[in-house]
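After this come two complexes, each holding chain A, first together with chain B and then together with chain C.
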Partner chain A sequence: MKTYERAFWPFLLPALLVYTLLFVAPSLFGFWVSLTRWSGPGSEMTWRGLDNYVALLHNEVFATAFTNTFVMAIAGGALIFGFTFLSMVVLRQLKGRAFIRSVVFLPLVISIIAIGAAVGFLLNPEGALNTVLEWFGLDPQPWLGPEMVFRCIVGGLVWSSTGFYVALMMSAADAIPAHVYEDAQLIGATKWEQFRHITLPLTWDVFAVSAVLWVVNSLKIFDIVLAFTTAGTAAAPPIPARTIAVQQYIVVKGSGLPELGSAAAMGVMTLLVTAVLIVLTRRITRRDRVELS
Partner chain B sequence: MRKLTAVLLIGALGLAACGKKNSGETAAQESLSYRSSWGAAEPQAKIIKTLFDDFAKETGAKVDLKFVGRTGNENLNAEMASGQGPDLFDTTTGDIETLTAQNLISPLGDVEAAQVPGEGKTVKDVLPEPVRRASSGKNGLAYLPHTIISTAVWYNAAEHPGLNPQTWEEFIAFLDESKKAGRTPIGQDGTIAFYNVFWFYSLLVGANGAGSLAELAKDPANWDKPQVLDAAEKVEQLAKGGYLQRDFMATKFPAAQNAWAQGTYDLNINGTWLASEVQPQLTPGFKVASFQVPAGGKKSIEVGTLGWAVNAKGKNVATAKKFLAFALQKKYMEQFSTVALNIPSRGDVPAPAHMADVQKAVLEAKETHLSYDYAGADKTWWGDMFLPLSDKLISGKIDAATFIREGKKRTADHLANG
Partner chain C sequence: MRRLIGDILLPRVTAVALWVWVVFNLALVGWVGIQSLKDSGDVWLHPFALPETPRWDNFSSAWQAAEFSAAALNSVLLTVFGAGLIVAISAPAAYVLARSSRRVAAPTISYFAMGLSIPLQTILVPIVVIKLSVYTFMEDWVTGWWDNRITLLIFQVALSVPFAVFVLTGYMRSLPHEIEEAAEIDGAGPLRAFVQVIVPVARPGLTTVLVLNVMGLWNETLLALLITPLPEERNLPAALLGLYSSMQYSSDWGGMFAGIVILVYPMIVLYVWLGRRIVDGMTAGISR
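Up next is the complex of A and B:
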């Protein structure tokens, strides 16, 4: 017992020190900044108490950014995992599935700059998509206008993120022994039943991790919004397209003095929301582990 | 043994310290560092490279010049605040307040009084007054401007020679005529809110002078002034008249300005950087020319500048200042016109032909104002409230009266929430 206690601190201390220095201290500083008005190093920091938070609660634009972020996390997540599950049903026995998987994964590799340029060609009023619609006698749509741009961004997000989760889930599905499926086929299980009773339970652990990863990533969505809107210029994306991270960027980098206090308050709020969402996700996805004996 | 080690160690440290001091004394050579926000392929970079080479040759200074482009200097302010960062950096009218508040710029009062080498004139002598004003903050001259930027309505003088409507009615008449002829009068990259607001801003501030836009952020009562409604009604007229291209609010930059350069639209309201941005797209024979939005009233002209600031915490402030006076020589400023195709900051150096209209307007202006009337200083008001509202006005979602009512109400809310 004595030796254990003596060994405890020397082993823990280096990690604790590094963690405190690189994570805990900056986080606490960030929280401190959120209680002030500050334009960055060199400028004066004035105390504001909870005023930054109160102002955010009254700010309609922040409310929109906040809602948008949620919609992206939930609707985007539903679509991404919907497609992922679908591809697990369809792709499992397909010939050339490795190839299809890499094709689905490809959007993740493409630089966001390239996506931004392509969006212009495709979705502008005179772009490729509207040209095709006109061939079929359909009305062209203002895809990137204030009414539709958010839906287009969610679409782009699903397109660019699904491949990652497909790759993750499929690799878990590949580990399931083939004989389990053979047994299922012998008793006449459909593809859906095989997915429902074999694939899903046996990959549930990986799904739970993927869901948490998605939640964390979705609350930081930023670059794809710029790619679809104002990339290449100093302009702020239109309000209907903004996420919390974009709003944060605007108050720090847009015209005028950087408002680090307000940005930090947004960060603290995002952190709280992330924590709540992760706890929720963990709870929803909690199951007893299924193991093949 | 231990004692001996200690003595040796102290001795070694002492020697090292001496060595450092000595080498410091012998290095009388000046040095100067500049990390440019221009990209190495841009014409400005070529001019700047020549400038630094010449400066190094004449003064023997050791120069450290890097071109990192717009995105390479993202953390520049933080770096400079911590005592790192280059001696010289790029800045513009809109950033003066931020940089001054962060104590990052060294004021250039002494540079103003310095002689431009070989010309017998001071820096102050060769920079027109509006240009100096656009480059100054509360501590005086904040940076040395090399380029003037402004806003105008751009057109193809080969198609419409001498187009220069003097009144709003004449302007609308041209738009109607263009429409009747089956053309689209105005091309607008509507996803860029600060391009959309050019119309309202040019109308309001052009007619009523500096401060008339900025004051809308400061007191809701200012929205009741008849001049605000007048400018808003004119923008409403543009929206309702269908003068802008279909679905312009869904047009991703730079589609509209490129289409304008190819002759799809007659007009494009934009900054003086437009011509160089669309250079590769211009149809053969396109003669870029411009006129001011016919706002009437005071006929105030926008003057903003781009230039070089001295890092207040830089290691070579004196050399940096010496460089600024050196750089302002006519032979270099001429290149900002002939090579970079911009309006140079010196009043006695002619702008490129397609910008002669703007340069003339700036130099002859009785009244001038800063870019966007400096209304972006309150960024929450500007970015979260005003620009989105202006987008609604120009896209025809709201009329002028609603614009005023909403603007007034939201400004009051904004000021109350601080």
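Up next is the complex of A and C:
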């Protein structure tokens, strides 16, 4: 018997147990809590069935958080992949492309909280950006005020995430042999057409995975909202900027007895939405696989 | 017209935009560093000027404010132990999953992959409940004390295991089969064979996963805010949020930027040092 067959269970069990007991089982427990009214260990747990879900659907604050998350996922996704595709048109040949690729990825290694603190300083009402605007005779804007903060967050999100998808898609594009492009150039295809008819079809699989990843990540957007809105204070972020994760955090952390049942229901709903969006994304991105013979 | 747009206009505009993006990223990182060396008045009044004399004492004031020194120690310990544990647990599992011909192997891999699409929110409430119960349970019945930082460490590990197993399984598959034969002839037991033969060969992949987890754990925010809210148990991102809010009153802006530097620069150094490998590892595991 091979060594790895003998060692199968002893090697697998630690990971399997940690994952099952501390990740999968708590998820199921969360589902159970979402069907009750409960404010934590030591207090009484009463059965509510689907009432938590019904109440959430009628809760305006949650509806806003839900819509916000959705808009961030769609609008953010469109911008991110728009920029990614444009970069792919040129990044194959541009001078300094390796350097560009590594610097564009840089925001991914930086804490969003730190980005929020720095950018919050720049976007303050009396901050640096407004000072610069005044030099040009333009009116200062309340960037982080309730009306504009949502757009600023989406902007920050696009800036900090796009590098990851560029890296992901470019690593797939690197595998395409150069002679394909040379042939395309001979028959007079423009750079855009080369991207449209060669790069994109050949990297479509990775794009499908990237889109699913973005969906999963966008539904957990949390720290960037905190960093852009609360300036570190204990205050809750304004409602127009809340995401589902933020709303859930507020409910769990909130003063008085936390409504854990309701917060758990938000978690389960996020899971359901994630599942639905993953299936939809798969559907939309499903194509016949293109391969070079 | 087609040529003008597709060959000249679009590529040129995109290239310029990319360079603007690059310059912005570098400028932001550099600017944060410069700001951290100014006195607080200059930070606010001349945000884009160079410091007259570097104010290194900003770092000592940040270090003392908001329990930053304790937070730094917490972050280092959580990151080192967390990342080490994740790899130590995931690598053997990934190895047998990648190699075995047993029928349970494939469904088990899918089972781990499922964890990648479960959002953190789904288990947020259970984590809070478990945190409270574990604390009372250990304090009343077992050890007489407990530290929420241990709970944070355990959950950080549990939540990172699916990704690590998934990526490493893909990586282990790409290793040649011949390497075990050497160990088998040698007559070594499974554990010794793994440590002495497989780990050295798989080192690039293991390092990548290790570093990815180091970055993830270092920047962890939501879990840290929930599980370890007290000032002395906070990690660096949570402490920076605290520092940020106290600076609103004390206006020690130089200190705040010093705090940002303490949080950000170690990861940038790590990235500059191992850069390409991190990007490759992050992308290779997923695009497979």
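Here is the rule we go by: the second predicted complex is superposed on the first by the 267 of 293 C-alpha atoms of A that agree within 3 Å, B and C clash if a C-alpha of one lies under 4 Å from a C-alpha of the other, contacts with A are read in each partner's own complex, and residues count from 1 in each chain.
Rule of thumb we're sticking to: a contact is a pair of C-beta atoms (placed from the backbone, for glycine too) under 8 Å apart; a residue touches a chain by one contact, two chains touch by 3 or more.
The shown structure was predicted, so the numbers you read here are calculated from the model rather than taken from an experiment.
Enquirer: Aligned on chain A, chain B and chain C: do they clash or fit?
Expert: Chain B/chain C on chain A - steric clash.
Enquirer: So, does A:Arg92 touch the first partner chain B, the second partner chain C, both, or neither?
Expert: In the superposition, A:Arg92 contacts neither chain B nor chain C.
Enquirer: Mind working out whether A:Ile278 is in touch with chain B, chain C, both or neither, as first, second, both or neither?
Expert: In the superposition, A:Ile278 touches chain C alone.
Enquirer: If you tally the residues of chain A touched by each partner, is the higher count for chain B or for chain C?
Expert: Of chain B and chain C, the partner in contact with more residues of chain A is C.
Enquirer: With both complexes overlaid on chain A, does A:Pro41 touch chain B (first), chain C (second), both or neither?
Expert: both
Enquirer: Does chain B (first) or chain C (second) touch A:Gly254, or do both, or does neither?
Expert: Once the two structures are laid over each other on A, A:Gly254 reaches chain B alone.
Enquirer: Go through the superposed model and pick first if A:Asp51 touches only chain B, second if only chain C, both, or neither.
Expert: first
Enquirer: Please pick the stretch of chain C from 127-135, 181-189 or 271-279 that overlaps chain B when the two structures are superposed.
Expert: In the superposition, chain B collides with chain C along 127-135.
Enquirer: Across the two complexes, find the residues of chain A that touch chain B and also touch chain C.
Expert: Correct list for chain A: 40-41, 120, 230, 232-234.
Enquirer: Quick one: in the complex, what on chain C touches chain A?
Expert: 2-3, 5-7, 10-11, 14-15, 17-19, 21-22, 25-26, 28-29, 31-32, 47-48, 89-90, 92-97, 99-102, 108, 112, 115-130, 132-133, 136, 154-155, 157-159, 161-162, 165, 180, 183-184, 188, 190-191, 193-194, 215, 218-219, 221-222, 225-226, 236-237, 240-248, 253, 256-257, 259-260, 263-264, 267-268, 270-271, 275-276, 278-280, 282-284, 286-287
Enquirer: Hey, which residues of chain A end up touching chain C in the complex?
Expert: 2-8, 10-12, 14-16, 18-19, 21-24, 26-27, 29-30, 33-34, 40-41, 86-87, 89-91, 94, 99-114, 117-118, 120-122, 127-128, 131, 164, 167-168, 171-172, 190-193, 205-206, 209, 212-213, 216, 219-220, 222-223, 226-227, 230-234, 244-245, 248-249, 252-253, 260, 263-264, 266-268, 270-271, 274-275, 278
Enquirer: Using the touch definition from the top, list the residues of chain A that touch chain B in their complex.
Expert: Touch residues, chain A against chain B: 39-43, 51, 54-55, 58-61, 119-120, 123-126, 140, 142-146, 148-149, 229-230, 232-236, 238-239, 250-251, 254-259, 262.
Enquirer: Write out the stretch or stretches of chain B touching chain A in their complex.
Expert: 77-78, 80-82, 94, 97-98, 101-104, 190-195, 245-255, 259, 372, 376-380, 382-385, 387-388, 391, 395, 413, 417-418
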